[in-house]
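In the part that follows, the structures are each spelled out as structure tokens.
Consider the two complexes below, in which chain A is the common component and chain B and chain C are the respective partners.
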Partner chain A sequence: MPYDPGDDVVVIHQPREGAASGTFRAFAATLKGLKMTFSRAVEGTTTIGYPEEKTPVYPRFRGRHKLHRFEDTGLEKCVGCSLCAAACPADCIRVVAAENTPENRVSAGERYAAVYEINLSRCIFCGYCEIACPFDAITLGHDYEMADYNRSDLIFTKEMLLAEPLERTPLRTPDE
Partner chain B sequence: MPRPVVKEITFTLDGREITAPEGMILVDAAGKYGDTEIPVFCYEPKLGQPVGACRMCLVEIEGIPKLQTGCSTPIRDGMVVHTQTQRVHDAQRAVVEFLLINHPLDCPVCDKGGECPLQDITYGWGPGTSRFIEPKRHFKKPLELSPLIAIDRERCILCYRCVRYSQEVAEDYQLVLQQRGAASYVSTFDGHPYVAPFSGNIIELCPVGALTSRAYRFRARPWDIEGAGTVCAGCTAQCNVELTVRDERVLRVLSRDHSEVDDGWLCDKGRFSYQAVHAEERITQPLVREGAELHPASWEKAIEAAAAALKKAGDRAAALAGGTTTNEEAFLLSGLLRDKLGSSHLATGVGGEQPLDVVRALADPKLQATVPDLEFAHTVLLVDCDPIDEAPVWDLRIRKGVRRHGTKLVVASARPTALDQNAAATLRFAPGGAEGFLVALDAALSGDAGNLGGAASAAGTNATAIQEFADALRAGGEEVVIVYGDRALRGSAGRALLNIASRLNLANVANAGLLELPSTPNGRGLREVGFAAGHGPGFSTISAPGHGAEAIASGLASGDLHTVWLHHVDPLRNYPNRPAWEKALGTAQTVIAVESQLTDTVREYADVVFPAEAYPEKEGTITHPDGRVQRLRQAIGHPRAASDVPGSGVRALWQVISDVARELGHSAGTAIAGAVVSKRVFEAVPFYNGMTLDGIGGRGLRWQEHATFEVEQSDPFVLAVPASLPAKGESELRLGTFRPLWAHKDVDLSPALQFIRAKQVVELSKADADARGIGEGDRVEIGNGTRIPGTARIRAAIPAGSVFVAEGIAEHNANVLTHGIVEVHRVGPGSTDATSIPIQSTPAVEGRAEMPPSAGLPIPPREVT
Partner chain C sequence: MSAPLYAEIGYFEPWWMQIAKALAIFLVVFNMVPMALLADRKLLGRFQHRYGPTRVGPFGLLQAVADIGKLLFKQQFVPRDSRKWLFIAAPIISMVTAAATLAIIPFSDTVDIFGVKTGLYGVDPSIGILFAFAFGGIAFYGLMLGGWSSNSKYSFLGSMRAAAQLISYEIAQGLSIIGVIMMVGSLSLVDIVTWQEQNVWLFIPQFVGWLVFLVAGFAETNRPPFDLAEGEAELVGGYFTEYSGGRFAAFFAAEYLNMVVVSLLFTTIFFGGWDVPFWDQPNWIEPIVVLAKMWVFIFFFIWVRATLPRLRYDQLMSFGWKILLPLATLNALVTAVLVVVLD
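Showing the complex of A and B:
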């Protein structure tokens, strides 16, 4: 049986053919659109010239991770407890702990992270690691420029995370 | 002894009627039948009587004004118990708050964090906050309780579990609680390291992170790891274990409690020797000898070389199997030799094989005792074996029976056993006199005075002693379990043992019978799948029986045999008479070895070496001495070869044997998967019929419970008096050997166990030592012609005239001594080398010296994909 659309059919009435309506369509409607275009053109640009210019971020923006040291002793705050790895929903953190010795004291506790890796190609920047950390050793910084040519280069090691990060990203000022 | 009869009673738990066996402890009954968890710390049924130390399990019982500890209250009919009242909750919160007063908040650095009962109970029943603001109690930490165990006394909640374990289960009486009240701490009495065969169990018992494994220290957190259940193939006891795996490495071994096998305990060898799996020394690719040197070779080349040698050998090929050989490997290898090459020269045990009718009769399901029978029998008889060395958890099982169930233990052995103190009667015979003893005991039980005297003197003892011993054996009751080592079974010993069993009527008494201690971990399985000179799969008769181990050695030496396949066997280390084996392997045309490390056998004699799998890499079945077929499950991948070419590393051994069979054109012996071989084994062995890998599962299946195995019953054998032992001179001693628990190649390769590696000791009696001017710990030499050095140990329980030395050890092994009569000389005073036994002599209140750093952490490279 052929499909019968019944009352659902809405008949669209096209503009009538003729000179007046043709002229309207050719000029008036176009000018109406151009009016909006030109009125915006004088407002100036709203895009920014990335990468020469960068978007400022909010203070609580969650960018690339940083590991911290104690300022006075220089010891790492991270004790390798692996709680960040447990909290990580993307499973992108790997921690292998080792024991501090008197000769080789790395962190303040009994243990330290011998291996601390974050796979930033997997990270979803949720910040749970920062919340889980009992020693405030890991925080999420403001850097969002992490593109690279190799996936394996996106695995950040402890040395990379501990290094003083480049402050490449401007912070948004309170009135911005 | 009859197991306790249970009567069902009904009690009320939180307003519900619960039916449970009478006398059950309340927390158990609530958990098992009432689906109500009552938190506990100190309660652990495996440790025996409850102590009620931690007060965590307080419950309200109607009719008793004060709260009661659920862990020490047996349930009674009509009892009304409340576990969810405000009063109980307040008490539980108070207890947790008290426990946490001195407990440090170092969970992030604590190895127990994440799998800690204290954490769990604090979350579940704790108050959430603490009112305690004063400084906590501080101890120096962490301290070395032993080279294997670290103790952190700040974390200890004084639950007494470890102390009770040491006092009542392991019975080494080393751990004690020092001081009183708030100053209490766990320690050894004199501050010595807690070194004992079963010390590692306290790590698992500790409900907090006070006792932690030093080998596992900081290696992983619970969410980093996976558990892989398998069976420890380190010894005959085949304890069920769970391996902790991280990044394809075994990091820890935990017990997988199986009351029919291991009762939830592990020995330290099983717990710590996993480190050998990842040792640098492991062979990870095939080696083939070219000229004088072994060179790494491709699998194709090695398989070709092995197949060519076997083809040339034909029925002059022989094979020895031992160690972690699975039933599947033994089945394929014996099939290859027997069906394709026509050779039955297959040997497993170090001794000879008994005649087929004896082997069959000993496998009679009616005569088979089980491991739980050791605990509940009226009497347990040990014949020339020491469970602590050969199946360590059986030692704990027997101790438990004696302590808790009044089992009577009688020991007849040449060397004093670790269980002598618990024995109701002990009998010492001369080394090598086991056969004479069994014949004499049979005569004593049957009242054959003629045989008794002769056989008793052949065993180096006397008729009165044997008669008294027989009376003691009979006096306990009808349920008798006889544990015998398979090296006792020489000559007519097997028939004598069967006679004894029939005179004690063991076949018709439930829970009684014989239990063998094979000399290799899977000794029973190898025999049952037909890896034996005298019979095929399922003890079937074969047309042409082959040689046993000793005959294989002499056949190789004389050139009668051509090629030998050593499957997980190192005859130079583990078989008696090393000189004979050196000659045999030197003369053999081709020696094919399956080995995990470059042993002397491999380095000097092997022509083709296949890398051996470690037990966590194996897939297959093994058979427990009581007939329980258990599964080995693969926990980690096979190691790659140094060259890292895919496929060049270690391969599954069933696959290797199958490839060799294919190369030889033996299509019946090839397989495409390990499970296919298992299926074939279950079909070939009549009493394994109907088994499946799924059916075996994680707990194993005893074939005696599912299958029948008919044995022709015979009248008691008429036995002749065995030949008397060779005479010895006045200044000479009779040599006996024993295999220490630690004499294992995996122990040698495990860094954590280096301190306890078996070294040669010469055990002799006080009288003999005094006659030679030897003092405890002196350096001595023993031998007759060939001499080996050792350290003297004087044991009062050794009868004069006997001396015992360790075999199966890496250096100065006793198997170079081929004479049964030896002389012992003092060489010099004992060594003051501090590495011999680690003793720390300065106990302080807060412990001993600071713990030395643990070994460097081998961090595996992360593979980037």
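Showing the complex of A and C:
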């Protein structure tokens, strides 16, 4: 059966070609275009001046990691179980655990993370570490400005992750 | 009309006044070039919903200075197979011819400065507009030689396009102001402005002439939508493909200076020059009026650049020869008949 487009075809009538009508159409179209660009100019800009103005992030935005402490005791939440490292698809987390002693109590559990490093140049910010953690010790924050000059500077140690991060990124208000 | 001799005008300018005038006009108008460059980038941004340059200086106001400074410190590369002295001379020709037209733009009538009567214009030659067209004719050597002496096929194609385009549109442009010359009865730009001051701004009776001059002006300055000589999509950069550093800056500045000069010519020939309608303006405000009117046209140039896509080459040629040239001729004919009948 031959293809029959039926009623779906919209026939476009080409404007008649001619010097006078063609010139007039070109002139009218030019004016229309000028009006169009001018109205775009008065609308203002849609781009933002980035380093001064920043796009606000959503509350569940996955940025740089943070490690947490208990607010009352000041002990670290991380117990060095390495579940985050096991969950990490990019293999960027390194945890070396050590035993807590009564003299040196770092975390609330039996052990603590003596070394906790995240290689942010490998991290894909999937958030699996956050999901894997049984104590909510690691979460992903809102900071996305992590550019640096050296690869080695992108390996974040436990002290850097525990430190109160600079709030450089605006958070979106609920109605935005 | 015979040439106004110094004896007829009744005053003679001392040499220091001529030098002071030349310096003042050149410095003021040449400083419009970086401003036009900045306005181009800022306004193009606004027309496309973005800011344009904002980094250099407050609001990016020093961007043009940074652009020029960067170009001047770059290596001035000369291709091995180029015709060296022509290659070096071409941007200078472009620059000089663009600046030469400034000499005849009138900014005000004769005024008293420190007891010396002088006209606020470089010279007022009796050939007036022809002077501008003569230098427009030489200006295309800059493009032509620049492209040819680079010994590169893209430069050559660009300069060939530029040559054909400039010659075609120069005819339409020249014919479009014949109506003006017939109505005023003089080629001198000062006479044209004085006539407009006494009668009516010439864009009203010479509406067709004005439109043709406007479109041809776009083509003459190689501004979009007539920037086929540049054609960066298909010709890399057109006639200045092989240029770099200060010589490229010279071509670049010449393009913007041409835009400034053509805007000044529009103002002078069709929009009353220093005249403000319905107001007997003081002399000191007249140069500002001329520059303000010029900026309106520069804005229009940028506005059109943001709007229209580049023409195809055959469209360019058929538009110039089949539409603009007959229109300009018709305009000259009708004006001639009307001038004879109404007188």
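Observations on the structure shown:
To be clear about the criterion, the second predicted complex is superposed on the first by the 140 of 176 C-alpha atoms of A that agree within 3 Å, B and C clash if a C-alpha of one lies under 4 Å from a C-alpha of the other, contacts with A are read in each partner's own complex, and residues count from 1 in each chain.
Just so we're on the same page, a residue touches a chain if its C-beta (ideal position, glycine included) is under 8 Å from a C-beta of that chain, and two chains touch if they have at least 3 such contacts.
A quick note: this is a predicted structure, and the numbers were derived from the prediction, not measured.
With both structures placed on the common chain, the touch criterion links A:81 to chain B but leaves chain C unconnected.
In the superposition on chain A, A:111 contacts chain B only, with no contact to chain C. Once the two complexes are overlaid on the shared chain, A:30 sits against chain C while remaining clear of chain B.
Which of chain B and chain C touches more residues of chain A: that partner is B. In the superposition on chain A, contact of A:38 is made with chain C only, not with chain B. Once the two complexes are overlaid on the shared chain, A:171 sits clear of chain B and of chain C alike. Look at A:46: by the touch rule set out above, it reaches chain C but stays clear of chain B. Once both structures are placed on chain A, no chain A residue is touched by chain B and, in the other complex, by chain C. Here chain B touches chain A in the complex through residues 106, 108-109, 113-114, 142, 217-221, 223-224, 853-854, 857, 859, 862, 864, going by the rule given at the top.
Of all residues in chain C, those touching chain A in their complex are 43, 45-51, 54, 303-304, 306-308, 322-323.
Across the complex, chain A meets chain C through its residues 19, 23, 30, 33-34, 36-38, 40-41, 43-47, 49.
Of all the residues in chain A, the ones that touch chain B in their complex are 79-83, 85-86, 94-99, 101, 109-111, 114-115, 117, 134-135, 151-152, 155.
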